[in-house]
Each structure stands twice: as structure tokens, then as C-alpha cells.
Amino acid sequence: MAQLSYREAVSAAISQEMRLDDRVVFIGEDVAAAGGVFKTTEGLQAEFGPVRVRDTPIAEQAILGAAMGAAMTGLRPVAEIMFSDFFAVCWDIVVNQIAKTRFMSAGQCSFPLVIRSANGGGARFGAQHSQSVENWAMAVPGLKVVAPSSPADVKGLLAASIRDPDPVLFFEQKSLYGTKGEVPDGECVEPLGKAKVLREGSDVTIVGLAAMVPKALKAAEILQDKHGISATVIDVRSLVPLDTTTIFESVSATGRLVTVEENPRLCGWGAEVSSLVAEELFWDLEGPIVRVTTPHIPLPSADALEDAVLPSVDRIVENVVRLAD
Amino acid sequence: MAQLSYREAVSAAISQEMRLDDRVVFIGEDVAAAGGVFKTTEGLQAEFGPVRVRDTPIAEQAILGAAMGAAMTGLRPVAEIMFSDFFAVCWDIVVNQIAKTRFMSAGQCSFPLVIRSANGGGARFGAQHSQSVENWAMAVPGLKVVAPSSPADVKGLLAASIRDPDPVLFFEQKSLYGTKGEVPDGECVEPLGKAKVLREGSDVTIVGLAAMVPKALKAAEILQDKHGISATVIDVRSLVPLDTTTIFESVSATGRLVTVEENPRLCGWGAEVSSLVAEELFWDLEGPIVRVTTPHIPLPSADALEDAVLPSVDRIVENVVRLAD
Amino acid sequence: MMEQRAYDLFMQNLVKGTSHLALGQEAVAAGFGEAMRSDDYTFCTYRGHNHTLVRGASMTGILGELMGRECGLLNGKGGSMHLMSVEHGAMGSYAIIGAHMPIAAGAAWSAQYRESGQVAVCFFGDGTTNIGAFHESLNFAAVWSLPVVYVCENNLYMEYTPIGDVTAVKNPGADRASAYGLEPILIDGNDVDLVYATAQAAIAKARDGGGPSLLEVQTYRHGGHSRADPGKYRPDEEVKAWLARDPIPAYRKQLLAAGVSDSTLDTIDQEVSDRVDAAEATARSSSPPPLDIADTDLWADGTSTWRT
Amino acid sequence: MMEQRAYDLFMQNLVKGTSHLALGQEAVAAGFGEAMRSDDYTFCTYRGHNHTLVRGASMTGILGELMGRECGLLNGKGGSMHLMSVEHGAMGSYAIIGAHMPIAAGAAWSAQYRESGQVAVCFFGDGTTNIGAFHESLNFAAVWSLPVVYVCENNLYMEYTPIGDVTAVKNPGADRASAYGLEPILIDGNDVDLVYATAQAAIAKARDGGGPSLLEVQTYRHGGHSRADPGKYRPDEEVKAWLARDPIPAYRKQLLAAGVSDSTLDTIDQEVSDRVDAAEATARSSSPPPLDIADTDLWADGTSTWRT
């Protein structure tokens, strides 16, 4: 086991896969010679050369169109969209082209590609560089959607995403890049579509994603210590495919569900999970389903304001306590 | 009262507002000289001239950027995006620019603009011209989102959208363009943010939007006639602002909620409504909350396939019956 | 080979009853189809029936798709605007303006990376030159020196709006080539031999590592933009003048002058007509697609499952 | 007026501690700022502190915004990349590449419609010329003959990548003007007098109904792309050569040659320095924004309410 940062785990996964498969190529803006603005892909061009690891113009439609065209003709491209907010400038390629063409063509070709992107707030970058948009992706049929919370998952899930025969949107949470954790040595692949129970409890199930996972874990500690409430914490990890089995098992046992989302409130992934539970597990519920989210506003830039609106450990604790009352 | 088609009500609303306010201008592709591909804006250029009603290049980012720049400097533009699927090619202007700039600037300027678009399936146009994407818009803070189900609402709500000081995405449902209905004579404005109870019942609340509303009404008749189930039918009309008051009142009374959405399943507006009810009205519920949606797939083109996947009257009936059991 | 091309041309003229026809523009598809290698890639738009057919896709499959039948190229899941036949190198018809242009660049990048010698050819209209994806694709292809040939079929109109009303330059393709360091190329798209020669040259250049080209071919659609459009916005004179330049009778005349006999051409006409009749009959008798295919093939495992 | 410009220049050099600086590019903002009418519109990018300041926005407001204080131009809700002061015609700083270009066209359209005689000036970088919104905006502005001046500040790099590596033409702005029927204009952006004269001409043309211009001004940023970037990817020679062409000492020299005395300039320097000190002190002592403003001003009614 090595200690890697979340950031380092990105290049560890890409290089692992590039060594195993010549068809894997990597492109993006400032990713090759310079190693990326978040330094997530340092060293890749040095190891794999400028043909496999390549800088592009500022042209996100071209980047993702190129990835799509390459995927349907035999390559396994990994493309970077620098900040996930920028998906908006190339959304057509993602949702109308990449996501639909396999279905429309009755399966004539597949799209084994990965789009990585730095997602979420907490870095005081302001409203155009801070959104959590994994729910945009979840809403689109034909996209797999993955968002890891730990360095080990970054490596394992990114490797699996590269091997996956379908398009995967891989959301790296900006605020986690600096975090460190144990990552298994040697080849490391973690199957997509499995949620992970990080802590078992009997009173309530807290479901989180990406940066909300460490916050949920912290909240669970406080709930236990200060309020005597025993919480299960589940890291969803993959929104599509969604591991309803793991979530449902836990909610059946605890009877209570709290989702913790970084995205603004309306139509977040937590709404989908809530609606699934309200439909299929209604009779097991012992109380309301509570969603903790960022309010339905763009993210403000000033540190004090940003901290006030992103879901905090305290806010999670309060909501769970309110529910348990 | 005049009989107007849903299509005719569009130009009726725009011309009503253009007569009243010189700042209202209208732009889009093939909308002016030719009157639009759905013939929704015929006659406008003839009445208001080529300066106020203007054809654009195929350049959706330019169209919406222009609308935004004009709105922040004194005009009240109405822009057409021909098919709502095309929002994907200009999504950045909508979600990162129009939606955020008022908030980011601490209210230094407002964005009184309307973006109209033909939304939804049923026309056998295939997956790139048939999506219902009102949930994409609902997920973005800073956008108002309106989707009428009748000619009278087209006129009244579009007029109100044009008068509104904030950006409104106005979704016209393609499959309803040919439908007719009574539209009040004279100036006609219907406030935004009010859901409409179209039928009162005691057993279940069915909430629909746009083309799902006539289907829900039909289903309610069958439920009453064949199954003795008495359903309230609510037309949401506006997703933002969302009239939770009207919806909650009804669900409190019936204890049961079914949402009917044309969008693919994941993260649809029905999920949001469901999660709100599951959180705030849990103790009033007498059974699971059921969502009827298109499956989570792109829309197929062949008539038989498209009809099979869009929510049908029968599917609504079945789901309500299942719930009531 | 000429006959093959004539054959193609005639064939096109007989595909009817659909959404976005290219009647009048047949020489472009015919000329390019002939110039391409069988493993080259075609990317086209909703107005792509001809481009798909000339790559070898089955006529029954095309007509069946237009009719929403099981025998359709895409089993009815795609429709008229999305014809695709990967086994023939017809890599899809895309219905969002400009979207296929970067995808074609991607296929060309893949060919370059695999050193396969394949070339991607991408067709689009005059109106498409004003959208962002056009610009991004051309610059990208030029910088990476990709083997892709971009073909602007200038038929003078976007949907109902004359291209000159919405475009800052006279020749929407040719006048922009220099913005990507490319040579301006503007040809008569109704002259099938010229199209063929131009296509050959651009494809050869791409195959030899010479990078992309942007060609503007001038042509005209005889009908309206789509089934719903009678095309009334066009001056009568203009329509008449272009009908007189219909590439199909023009080419027939040329073939006659070159010594091909009337009866040979009539025979070809008849054969094509028979083939179309047969394809139409087969498509008509094909059933609607089974409903359960609506749930298939979203993912590579054949399903559309999004949850455990 | 010259002094005013010198003043502006000096002022710029003293704004520190932020995200995307334009040190070395001051002559562009100074020259344009002087050439604009007070009701003209400026649209700029994250690298827009200078452009906002020269329109008259308060230095305290700018520094306060960078620091996330209540006294910030946007009360801390926008941040360094989004400076805006509508009362001064500074219509915003946009942080998505290219996005502000069509918005500037829209403001110009509005001015044209209202016959107000206002002109919109839109600043962007060399890297921005490769994105779709650039292309759509230029064509749109040209076709509608809008009073907008597009100014490409070519500082040779996008973030860390040399512009030549990702662009199909040598001059990313000038070599593309003809694609929109515009005249190519390429000038030394470190020569403040030349910038001023060129700006005046383009603005006058726009104001007189002559339509848009696309100007490429060549300049250099002395530092890295953003706070996080030491700019190590640039050859030492190159940096040295451009530092030698720093517009501020160059202009000082010019003023001295024109007979302005050393002591006059020192006085101005000192005044500016004092003003910056004062602004910094005020901003430092300003409180963080009250938390409840996070819920305000999403809508025109001042709230962010999305439900009844």
C-alpha cells in the first residue's frame, strides 16, 4: 500500500491503463506538456510521448467530438474537461451525440471513452468554476457517471472507467485533490456500479457522494458521540449505474434516509434516490426522507459565503437530529 | 373567447406584448420572413418589421448571447431555440451566463428575456429532436421554467414571461401545437408560479406537465369510470417558481401522489416533487409516491417504438390502480 | 466506373417519400462515393440518404428505416435523420448542425494514430459554416494535420433563409479556408466528374499525410428543406435555372456524347428502378420493430439498465 | 490626457495579489479606456482588472472583491474573475472562454436598436480565437453590422500552451478577420499611443454605423497565467525580451522625451501609490460579507425563492 493523494491517483490510473493498452490515449487543454492545471496528469507525456498524450486548442466541442470519433473507430480515449462547468460549452457532444448514438444505431458501435473533469466548490473560484454538475450527467440516458471520494477509488474506478465499453463521465472533486489515502499497490481496478458502506449504524442511513462523503463520516461520528444516533454512511460512488441494492438494504434496516448533495437543490441526484425509496421502500420508512443540499443558488466566491452555503458537517448533523426527533 | 390553436397562441402572445412595449424584440432561425418551422411566429415580421423580428444565422450561442446582452442593456428580447434539444449547443450561455450573472453581480443588472423552444416527443423525429428537457432547466438556479398545456396558458403564461424581469425558459410542447382551445379575448396575462387544479378528486393526486396533462385528465376519467378511483389532476405549469402550496394541499387531502413526466426517468422534475413531498408531507402520505416517466433511454424514432415508451394514458391508469391497491 | 457513377446518380433520384431530400445534389454524393476507399469514413447530416447509399448500405435498409420498419438499418430506432451503416464506413447521420464535424475529426485522428491510411469525409451545408462546431473542428483538424476532408454543400439556403442573409462572406466555405491555413477550393457541385476529381485529390492528400481540406461545392436542392416545406421562399427564376442544371440529365447527356448508347442507359435506368421497387416492396412488407428493442443497446452489454 | 493615461498605466502596475494579472498588458486597457465614451460598454475576461478599473470602477471595490470583502464591487459574490460595474459601463468579466463575445454583440445590438450611439468593446485572449463562440459572434456581429469592437490581446499563450501549438494560423485574430468580411488589423499592443489611435478609429467606425472590427494587439503577460502558475514553460530569452518592452517604463521614457519632468512623473507615481495604499487599507478593514446575502439577488425581486 502506498500513500497517494487524490490528485496523484488520477495519473496513476491513467498510466496503469496506458501501459496495458495501446489504444488508450489522453487529450485535453494544458494537460500534456504542462501536466494539467490541477497537476493531475504530470509525467504522462514524459512516459507515453506526445502522440498518446496531447495538448489541444481551447475547443471543448472539438475535444469531445474527437474523443467520440476516435472511440467509435477503435481507440479508447480519455479526455479532460478542465472544470466541469465547461461541460456547458460542449454539452451537445456529450448528451446528443455520445450518449445517444449507440442506442440510435441499434448497437452498431460502442463508445469506450472517459471524460474526466474537476467538479465542485470550496476553492473560492466563483460561480463559473465551482459547480457540482454530476446531476446534469445523471439526467442523460446513455452516460455512466462516477464520482470517487478517496484516492483508492480514484485509481480503481478511473481504471475501470477506462476499461468500460461505454462512455463514462468521471467527476473528480476539486476540494479533494489534496487529500491523501492508502492505494493498493499493483494493478488496481474497482467495479463500477457498487456503492460502498463506509460505516454501519442502525438508526439512519446517510448517503453521500464525493466531497460529501468525508463530511458525512464526520457527521456520523458527532451523531454517535453527541447525540447517541447510530448512522450508516454510504458512498454512492457511481450514479449510473446506481447501486440501489446497497442503499435499499440499509434503508430497510434503518428506516430513515438522509442524502447529502453538493449540487444546488432542484433535481439533484438525491431527489432521484429519494423518489426511488419513496416509491419502492415506502413501507419500510419510519420518517421523512431528508435532503441536505447547497441551496438553489449559484456559488458565491467569498470564502465566508461559500462556506456558508455548501453542506457542512454541522448542517448534516442538524438535519439528522431533526429527523430522528 | 376565440378558439386558437396552441401554435397560434404563441404569436398571439408575442404580438400582444410587442404592441404594448417597444423594447420587446424577437429573434431566431427562420422565424421572421418564414414564420418559424412550426409556424408559431407567422405574421410577426409583417406586423412589426424586420428590425424587431429578425432572422439569425445558425448560431445558437450568438442568439442567446445576443439576447442576454440586449436584456442587460434595456431591451426585452424573446429568442427562439428551434428544438429544445439544441439547448445543448448553447447551454453555457443559458446556465453559466444568463442564470448566474445577476446573482454574481449582487443585482447590478437584470435579465428580462424569454427563450422559447419546441420540446418533447411524439413527432417521430428521432432522438435528437424529441427530448423533454425541462428538467435540465429546472436543475439550474437562476432560470424560471414554464411549460403550458393549453392554448390559453400559452398565451397568458408567455405574455407573463415576457413581462417578467427574470430569464424564463418557455417550453412549448411539440405534440400539442395542433391542439385547440378557448383563449380569452383582449389582453391576457396569467401569473407565473401557479399550478392549476384541473379536476378535483379524493383518492389520489396526479401531477402532470405539458403534454402529460391531457393524458392525466383522460386517465382520471378512466380511473373514475372503470375503477371507481377519484383523482385530482394538477397541471404544474411552472417548474420554477414551483407551486408547492397547491400540490401539497391536494396531496394532504388525498394522501397519494403520482407524477407524470415525459422526460427520461433520472432526475426528472417528478423526482424533485416526490422528494419534497417525502420530506415535508411524509406523515400525510398513505402510500408510496409513484413516478410515471419515459424509461431512461433516448427516444426511438419509429412510431410504434415511440408510442411504446412515452407515458400513455394506460400506463398512468395502471400505476394509479397499482398504488391504490 | 463512370457507369457505376451514373448508376448511383439515377439511383438517388428514385429514393422518395422521406424527410430531407437531396434531389439536385446527387452529384456530390456520387462523386465522393466513387473517390473513397471502402474503409474510409463518411459522416453526414440528416440530408444524408445519398451519402449513406453510395457507401454500400442496403436500399431496403434505408427505405425501411425511413418507414420505421424492423428491416431498417437501425431497426427503426434512428429514423430518417440518423442513417448509419458502420460496416460500410457510413459512420452516421447527425441532426444537430455542426456536431458531426468534430466527430469526423476524431475518426481521422484515430486513423492517423492507427496509421491505417483511412480518410474521413464529412458533409455539411452552407448554413452550418456559421456555427461554433465548424470553427473548432477546422482549426483542430488543421493543427493536428488530420486526414479529414470537409465538404460544404452550398445549396444557397439554410432552412428557409438565404445563406447570404446570415453570412458575412460570399462563399461560406471557401472564403473561410484561409482562417485555418487551408487553400480555398470552390467548385461546381453539379458537375460529377469535377466533384470526383476534386474529391480524389483531397482524399489523396489526406491519405498521404497532407492534412485536412475544406471544399465548397455549389449545388441546389430541388425541393424544400424537408417534407413540411414547399420551398416557396425561393424565386421562380432561381429554381428554374437550377432545375435546368439538374446533374442527372446533364450527366446522361455527357455519357451519350461519350458514346454510351441510349439503350444502355435506359437499361441502367430500368435496373435501378426495379431495384428501388424491390427495396420498397421489401420495406413495405417488413413489420414494425418489436417493442422490446426500445430497451436494448443503450450500453455495450445490450441492455439499458441503469440500476442494480 | 496623456497624463491620464500614464496615470492609468501606473495604477495598473500596483494592483497586486490576485488571480489573473495583466502585468505587461496595461497599455491595452489604458489605450482603450481613454478612447471610449463614458456610456460605452466593456466586456472582458477573468483577466479584466485593468479593463474594469479604467472605466472608473473604484479601486477599493476591486481590491475588496479580490479579497472577498463586503466593500467589493460585487459584495464578494463574484470574485476576482467576475468584476463588474454597470454604472461605469463595465458590463462584466466572464470566466468561460469566449462566452462574453456574443453577449457583447447583444449589447451592441441593443445600442443599435435604441440608436444610442453606444459601442461595445470586448477583450479576449489569443487562445479564445479557437473556440466556437468566437466564430459565431464575429459572423453574427458582421451580418447585423453591430457597433462592437473585438480586441484580441495576443499574449502568446493560452494557459501554459504556446498559442502557435494549437492554432492553424500565425496571427490568431488578424488572420481570421477575412472570414467575417473584416479588415485584418494587427498592432503592437505595448505602444499605448498606437493602441489609443487604433481604438479611436475602430470605435468611431462602429459609432458611425460602420459595423464591427476585429483587432489583434500583440502583448505579453509578465507573470504566469494565474496565481498558481510560475510560468516556467516560457523560454528565458522570450521573457527577458518582453520585460525590456514593458509598456510602463517605455511610456515614462516617452513622456520624459516629450518634456514632462521627472518630478511630475514621480509625483504621479507617488499619488497612485498612495491611492493604492489607501484602497488596500480600506479593503483590508472591510468586513466579510454578511452571510445572508448569499440568498439574495438571484431574481429581480431581490430573493432567491424558487417555490411558493
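Points to keep in mind about this one:
Residue numbering begins at 1 within each chain, and the chains themselves are lettered A, B, C and D in the order written.
Here is the rule we use: a residue touches a chain if its C-beta (ideal position, glycine included) is under 8 Å from a C-beta of that chain, and two chains touch if they have at least 3 such contacts.
In this text the structure is predicted, and so the values were computed from the model without any measurement.
Counting C-beta pairs in contact across B-C and across B-D shows that the higher total falls to B-D. With centres defined as mean CA coordinates, subunit C is found 35 Å away from subunit B.
Computed centre separation for the pair subunit C/subunit D is 44 angstrom, with centres defined by C-alpha atoms.
Per-chain Cα centroids separate subunit A from subunit B by 30 Å. Taking the mean of the C-alpha atoms as each chain's centre, subunit B and subunit D sit 39 Å apart. Multi-chain contact residues of subunit D, defined as those touching 2 or more other chains: 74-75, 77-78, 82, 94, 96, 99, 130-133, 136, 139-140, 143, 165-167, 293, 298, 304, 306. Within subunit B, residues 56-57, 59-61, 85-86, 88-89, 92, 96, 103-104, 126-128, 141-142, 240, 265-266, 296-298, 300-301 each touch two or more of the remaining chains. Chain-to-chain contact here is organised exhaustively, every possible pair of chains being in touch. The part of subunit D that touches subunit A in the complex is made up of residues 68-69, 72, 74-82, 94-99, 127-128, 130-133, 158-161, 165-167, 228, 233, 288-289, 291, 293-295, 298, 304, 306. If you check the complex, the residues on subunit B that touch subunit A are 85-89, 91-92, 94-96, 99-100, 103-104, 126-128, 135-136, 138-142, 240, 263-272, 274-275, 277-280, 282-283, 285, 287-291, 296-298, 300-301. Those residues of subunit D that touch subunit C in the complex are listed here as 130-136, 138-140, 142-143, 165-169, 175-176, 178-182.
Residues 29-30, 33-34, 37, 55-61, 85-86, 88-89, 124-129, 265-266, 295-298, 300-305, 308-309 of subunit B are the ones that touch subunit C when the two sit in their complex.
Of all residues in subunit A, those touching subunit C in their complex are 25, 51, 54, 56-57, 59-75, 77, 92-93, 96-97, 101-110, 112, 141-142, 165-166, 193, 240-246, 276.
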